[in-house]
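Taking it in order: structure first as structure tokens, then the write-up.
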């Protein structure tokens, strides 16, 4: 089983918090991007993803790794507006940039970036290489040991190392649940 | 060091969630009340208090113990309105009654019930005996083993057991911090 | 479903550690006894039971509660001799009395006290009331909240409160496994 | 502050468990070596190091990473003989090779390999690169995220990447304590 490496879809962001100006993938080229799609009322995101992303943010050098949150709200929209998100980020001491995903069109509850990546729910972890290509997308969580190893593999990757095809690998713990649980919220 | 046992102050609640009709201490007389004041954006409340209160709710018989949440918002008011709270309770699977504390008057950021109890911040744990008297109030957390023992002591208490004076006891881990941390949010 | 309350079987102990003289149930009459049967090489005992018993030992008054360990070795006997146990207790900062269960006779791998209580494996938690009667025996673990409540219920029990028959209650998480796992070691 | 990269000292092992034949650094050349010095009665080793090393062993490919335990006993020698160690490894499901460090000469309580590495206590984590050079030695623990990243950095290292001098880096949480605690046992 092989797959082509594809460019990561552009993000479609309505508003950025913790950022001086809008971020896009083009401007992050040259760095590894560790992005997490989350909702501020998703228990698995709050208990696991946010602390883990804060740790990634503090461990790796800014030159090597850009940590980004994507607030992909697909339920309880009125409870998770940008004002509420700003309060959440303050209380949870999140200092990396967080983009508010653009609401879906024509009544689609799934916001735009979430739709482009065909995410299954929140949290979703995304790893993008220095060349802007999507290298990992997983609904749910991976262990810290594995996450550290995967990020470092992308950091240390030279252009010549990069496969044009990649072997498929099984993702652990990514099955969808019927509703939010301690791990996350499926669409 | 001794203190008189005093009736617990009445709650001043604007709106109840997960309840058919308003609750007050008089109507809970005869049961032990385990109440937790919290804010939905307080990390220590979310990570520790809410799971612990859910466990108390499932472990003890309803005839013996009433579990109650008090949403005592003293910061980020606009982000923690009742609509947002309802979504929070749904996602965190909270099924016990939660009262929204009445906002303070004349610009006081501290809400009414929080003021009456002179709480230092969130979370605050409150134990009230079968006679409506305040037996324990602690800012922060106590270990599960201790909480289970204290609740059962109140359950098993006969009228004749109750001291009219109570020895003071040191509370562990209740010091105030200067801002929200993993344990809670001081006023 | 009801059962008669029975006296707890006497312990059959070869040697006591952390004790000036041998302990027996008769000498503990009047106090609640919280006993844990364990093996020093049982992962679930080491990771959960030992820390929990240390916490019970520090939380409750000595007049009310006697905490006792029972070293019930049924496998790897040569690796868990009393000398090794003494080193284990020192390193894990166990200061409550621990009795070494007497080896089984005629090649029986199950030691004597373990046999008398018909324990299913280690860890086994045992609660004995002030009158020397066995009130609770569970293979595996119960949550701290529940343990605290059950101990306090026995502490506060007056002679007149005690049922001569007790309703059966389901024990959570006590099923036997086929070998040691994170929870414990079945016989 | 810079330091020369030095070859890792050879191990001085009396007996190997979980191995068909003796291991030495020369035979592991070409692979990254993740070694942990531990004692089977050191709480920090048991609760943190052993589970972490098992996870390293299952996550990384055998061709890339060799996981090795070093049983460096410097106290309670009689309680941690190879027979007891074998039972410990069985119960804790450790399947990677573990070498028993050779006892010190002339009454030295510090065993030989521990002395060669000038370890401060147990646990000690050791990372050795594909060229047999000592790249990391830390008394205590490092977070999983960081450990995963450091191992992968060594895996991906090409000969040309390797510094002949390395900048010093502060190690977190490595201070010695006066006795065993939850983190480990200083010499």
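A, B, C and D are the chain letters, set down in written order, and residue numbers restart from 1 in every chain.
The definition used in the following text is that a contact is a pair of C-beta atoms (placed from the backbone, for glycine too) under 8 Å apart; a residue touches a chain by one contact, two chains touch by 3 or more.
Every value quoted in this text rests on a predicted model; they were computed, and no experiment measured them.
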| item | value |
| --- | --- |
| Neighbouring chains common to subunit B and subunit C, by label | none |
| Distance-maximising chain from subunit C - centres being C-alpha averages | A |
| Distance from the mean Cα position of subunit B to that of subunit A, given in whole angstrom | 36 |
| Distance from subunit C to subunit A - Cα centre to Cα centre, in angstrom | 48 |
| Numbers and ranges of subunit D residues touching at least 2 other chains | none |
| Chain contact topology (line, ring, star, complete or other) | ring |
| Residue numbers on subunit C that touch subunit B, as the complex places them | 52, 55-56, 59-60, 143-153, 155-157, 161 |
| Subunit A-touching residues of subunit B, taken from the complex the two chains share | 41-43, 46-47, 75-76, 78-80, 83-84, 86-88, 90-92, 180, 185 |
